[in-house]
Amino acid sequence: MDKTQLGEFIKSLSPDLEIKEGIQYTEVTIPPPMLYSVAKQLRENEKTQFDYLFCLTGIDYGEDMGVIYHLRSTIYGHSVVLKTRTPDRENPQLDSVSDIWKTADFHEREVFDLLGIKFTNHPDLRRLFLDNSWGFPLRKDYVDDINIVTK
Amino acid sequence: MRSIINYLKDIISGVWSLLKGMKVTGSYFFRPSTIVTQKYPNNRKDLVMFDRFKGEVIMPHNENNEHKCNGCGICEINCPNGSIEIISKSIILEDGKKKRIIDKHIYRLSMCTFCALCVKNCPSDALAFSQEFEHAVFNRALLIKTLNKPGSQLMKGVE
Amino acid sequence: MVFDIAVTNSTSLSVPWWKIFYDFSYLTEWIDTSLRNAMSPFWTTITELLIIGVVILLFYALVGLFLVYAERKVCAFMQNRLGPNRVGPFGLFQTIADLIKLLFVELIPIKNADKLLFNLAPFIVITASFMAIAAIPFALGLHAIDLNIGVLYVIAVSSMGVIGILLAGWSSNNKYSLIGAIRSGAQIVSYELSVGLALITVVVLAGSMQLSVIVEAQRDGWFIFKGHIPAFIAFILFLISSTAETNRGPFDLAEAESELTAGYHTEYSGIKFAFFFLAEYINMFIVASIAATVFLGGWMPFHVGSWEGFNNVMDFIPPFIWYIGKTAFVVFMMMWFKWTFPRLRIDQLLTLEWKYLLPINLVNVLIMAFIVLMGWHF
Amino acid sequence: MEEKVKIIIPEEQQEYVINMGPQHPSTHGVLRLVLSLQGEMVKSLKPHIGYIHRGIEKMCESITYQQIIHLTDRMDYLSAHINNEAVCLTVEKALEVDITDRIKVIRTIMSELTRIQSHQLWWCSFGMDLGGLTCFFYGLRDREKILDIFEETCGSRMIVSYNCPGGLMYDIHPNFQKRVKEFIKYFRKTLPEYDQLLTGNVIFHERSKGIGILSLEDAISYGVTGPSGRASGFSCDVRKQEPYSAYDRVDFKEVLFTEGDTYHRYLARIEEMRESMNIIEQLIDNIPEGDFAVKMKPVIKLPEGEYYQRVETARGELGVFVISDGNKNPYRVKFRSPNFVNLSALNQIAKGFKIADLVAIGGSLDLVIPDIDR
């Protein structure tokens, strides 16, 4: 399926989804509560079969915390981008997709480590790179007077 | 019977594959001409580096102790690690005009990642790479270098 | 040379001095008689024991140092490198420099280690290899002790080293060391069988376990040629299993530096580490000399049937040189193995022994016995 | 009186926990694996990473696009050139710059040389992991020839910094073509030696065949890419799927196996070296004339938006995800590094094999730790 068809198809799954045709990929914005069910549908639906999660990025949008999923189907060769964002900066929580794509396990740990987004139902949510005493360095409001030198 | 034949076949093919490996190492053992390592500090004199080799950043001076750096600071902006610092000073020219010229071009070799952005982006080609690669010193302070030589001047015709 | 003067000044040495290179018993008997003339029989025995001890100790140290150097040079040449080349001409004194360094290195005490066993282990390893060297015939008349069960003695003594390795691994209180030691135990217990059986093949042919008799029996042809194919197979099997028994690559699972960092000697430093290191090389030398003695005719020169001239030329080379040459050949083979092959896994190592080497060995012994019974050997 | 309590742990719960790393010869860097063993069998392993986490993604947020190049060099230092290429392609795609054919071809040749030298170093260290120390020196000896080519053209050996947004830092050295051809001729002769020494060796077969099997489903689910993924039958070559640079004009085959064990991960890399040589041979004689760099503005500002670029490094798929807010610094940069993802599958692969196998499996995945930590 090309980008437009894919967008239409995903729109037919649920009317709440916001579909945008990006430069490279079809971009789908999902409200956090629907994330898991849409991801599972995309993975299991015969027509989409997104079996390969090739990138999972956590972003600090300033006010919101967001996660971007890049999916690809190894059978059909089409790709889609899922975006979700939560306005809760203090205790951002999203559903884990690590039981749909096993690779999400490490990626979500990384996002948790660097941005502090908690993933519910994650099997082993520990910090990956940093010590427990560190803040969340990829947040825009992270301050570290010792290690970050600005000219 | 077949299993015994296979057993023997396994052994013979296994030993044969081992012998092939031994042939490779053995053939090198008896050909000392294939040795590639060098006696490094002894061959220092005839060791030639490639002319593009990025050893360290230098500022070439001509025989009159003149360099091309006008102190514009583009190298300082381009440096990703802040290893270049330019200290400039104002002088009063003969015709009474003020002019900012370079006082010290400080280069911290210990922080340099040899990305060549400073050399490439220099508008007046004042910087270059030398082929020096033996950078080890006993004191870390020696790695902070001043690139313009004392008493050097801006080359004529460079603005 | 002091040696020359002593010989020429003596009236009791009845042969020209160069003859002793062909038969060391001239020298040993001369020393014995001069000592007996000077002191009582009791003190003569004590002095002779001391002399033998010192000579073997010196020999041991020299062989160890030289083998370390040789290994480094051989592997360097196989790997397109120069190898040691800084200390002395061609880096000849490199190992001496290393030894001096090791002597001065701090002995790091290990917390929670079993102190007694930890310190005892290197001595057991080195003593085992030291004892085995006494029974090896180096040349005609240069043989410290000629037991009538020489082959058995060497096998027994050289396999004692594994106790030291087990102790080292156990007492270090290090998990990697323990794995290494246990691996080594399993390995040596298994491969001891193959070493023994491979030697028994030749013992069957020679009809004696006494090493001097075995060497003497090869005067008209080395056993590897005399014993047809079974002797050759036994030689190959001995080479493989003795490489395993000395914990050398590709069977160096006990130290396996890419898996266990250094295995049983991870926690050792300084001279204690040097003991392990030295013992490994001496063990290699011992098995090489056993292989040379039993299969390649020991110090016997190479003779071809009826070529009188050729045989005379071969006789002209002193037996000691023959012995050293053959041992060096076997040592080189073992180094060649080590620097060519990847390491086996522990279960494959045991599979190799129990499924391949041991059955082949047993059949081989039977064939050899049959050949000897029928008198088909040369 | 003190009462002695004897606790008996059932045998299946007894674990021998050892720490492999952070200083261990066969983790190739500061990777720490906590292994639970039963005998010598690995029951489970937990990777602990972050020992050289440098925060490259954070650093990228405060530097310009030209300066990112020197950081991506240091991620996967063995495919430095390919990493740089990924960043440059992202920037060029965002700005819709048309780069000349000459740049594309040179980038492709350099990428393939990088791939060969990376696989050579992998071959050395894999041989060394299995205990064949001589492999190490043969591999390094041949790699030296490529590094010399790099040094002559780029000025440095490993951390080349040869790409820049809009083209290349300098033109290729006049000797470049001649030297590359010499190398290909030489390496076609020495590659069979690798086969004799390791590929055909019976001990090596025993150590690698059937060890560490990664099924196709797991490979896709874990996202294991590169030669490791292709050995399991996962067709994931970005050079074929989304051709970039000059890959659309060369003819090469994607090395695919279905077995997915250590031996086939090994074979995939060896075959890939041959394919890389084919690619270089097709391009080296017809490097088109043209500029080596397109004129770019001194300060590059990407238009607002999200840009994703995938490239095939020596270890798998590298994704560069740049979110720009229109400033000269990126708003967020994410590197989807292949090693990070490949490491996550290690537990799945190594479970139930021995320590010696774990070393072989780790070697066959070809992990580069700075790329995992970033």
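Every chain is named by a letter (A, B, C and D) in the order it is written, and numbering of its residues begins at 1.
Just so it is clear, contacts are C-beta pairs under 8 Å (C-beta built on N, C-alpha and C of every residue); 3 or more make two chains touch, one makes a residue touch a chain.
Just so you know, these numbers come straight off a predicted model, no measurement behind them.
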Is the C-beta contact count larger for B-C or for C-D?
C-D
Measuring from CA centroids, which chain ends up nearest the centre of the complete protein set?
D
Rounded to a whole Å, what is the gap between the Cα centroids of chain B and chain C?
51
How many angstrom lie between the CA centroids of chain C and chain D, rounded to a whole number?
46
Computed distance of Cα centres, chain D from chain A, in Å
25
Chain A and chain B: spacing of chain centres that average the CA atoms, whole Å:
42
Junction residues of chain B, two or more chains touched
18, 21, 24-25, 36
Shared-contact residues (touching 2 or more other chains) in chain D:
134, 141, 197-198, 201, 203
Show the residues in chain C shared as contacts by 2 or more other chains, in ascending order.
78-81, 339-341
Looking at which chains touch which, would you call it a line, ring, star, complete or other?
other
Using the touch rule from the top of the page, what pairs of chains touch, sorted by label?
A-D, B-C, B-D, C-D
In the complex, chain D touches chain C at residues 16, 18, 24-26, 40, 127-134, 136-138, 141, 197-198, 201, 203-204, 206-207, 354-357, 359
Partner chain A, residues of chain D touching it in the complex
49-50, 53, 55, 57-58, 62, 218, 220-223, 234-236, 241, 305-308, 310, 317, 319, 321, 323, 332, 334, 336, 340-341, 343-345, 348, 373
Which residues of chain B touch chain C in the complex?
11, 18, 21-22, 24-26, 28-29, 32, 34-37, 39
Residues of chain A that touch chain D when the two form their complex:
22-25, 27, 51-55, 57, 59-60, 68, 70, 74, 77, 81, 101-103, 105-107, 110, 114, 128-130, 137-138, 150
Which part of chain B faces chain D closely enough to touch in the complex?
13-15, 17-18, 20-21, 23-25, 36, 50, 52-54, 78, 80, 113-117, 120-121, 129
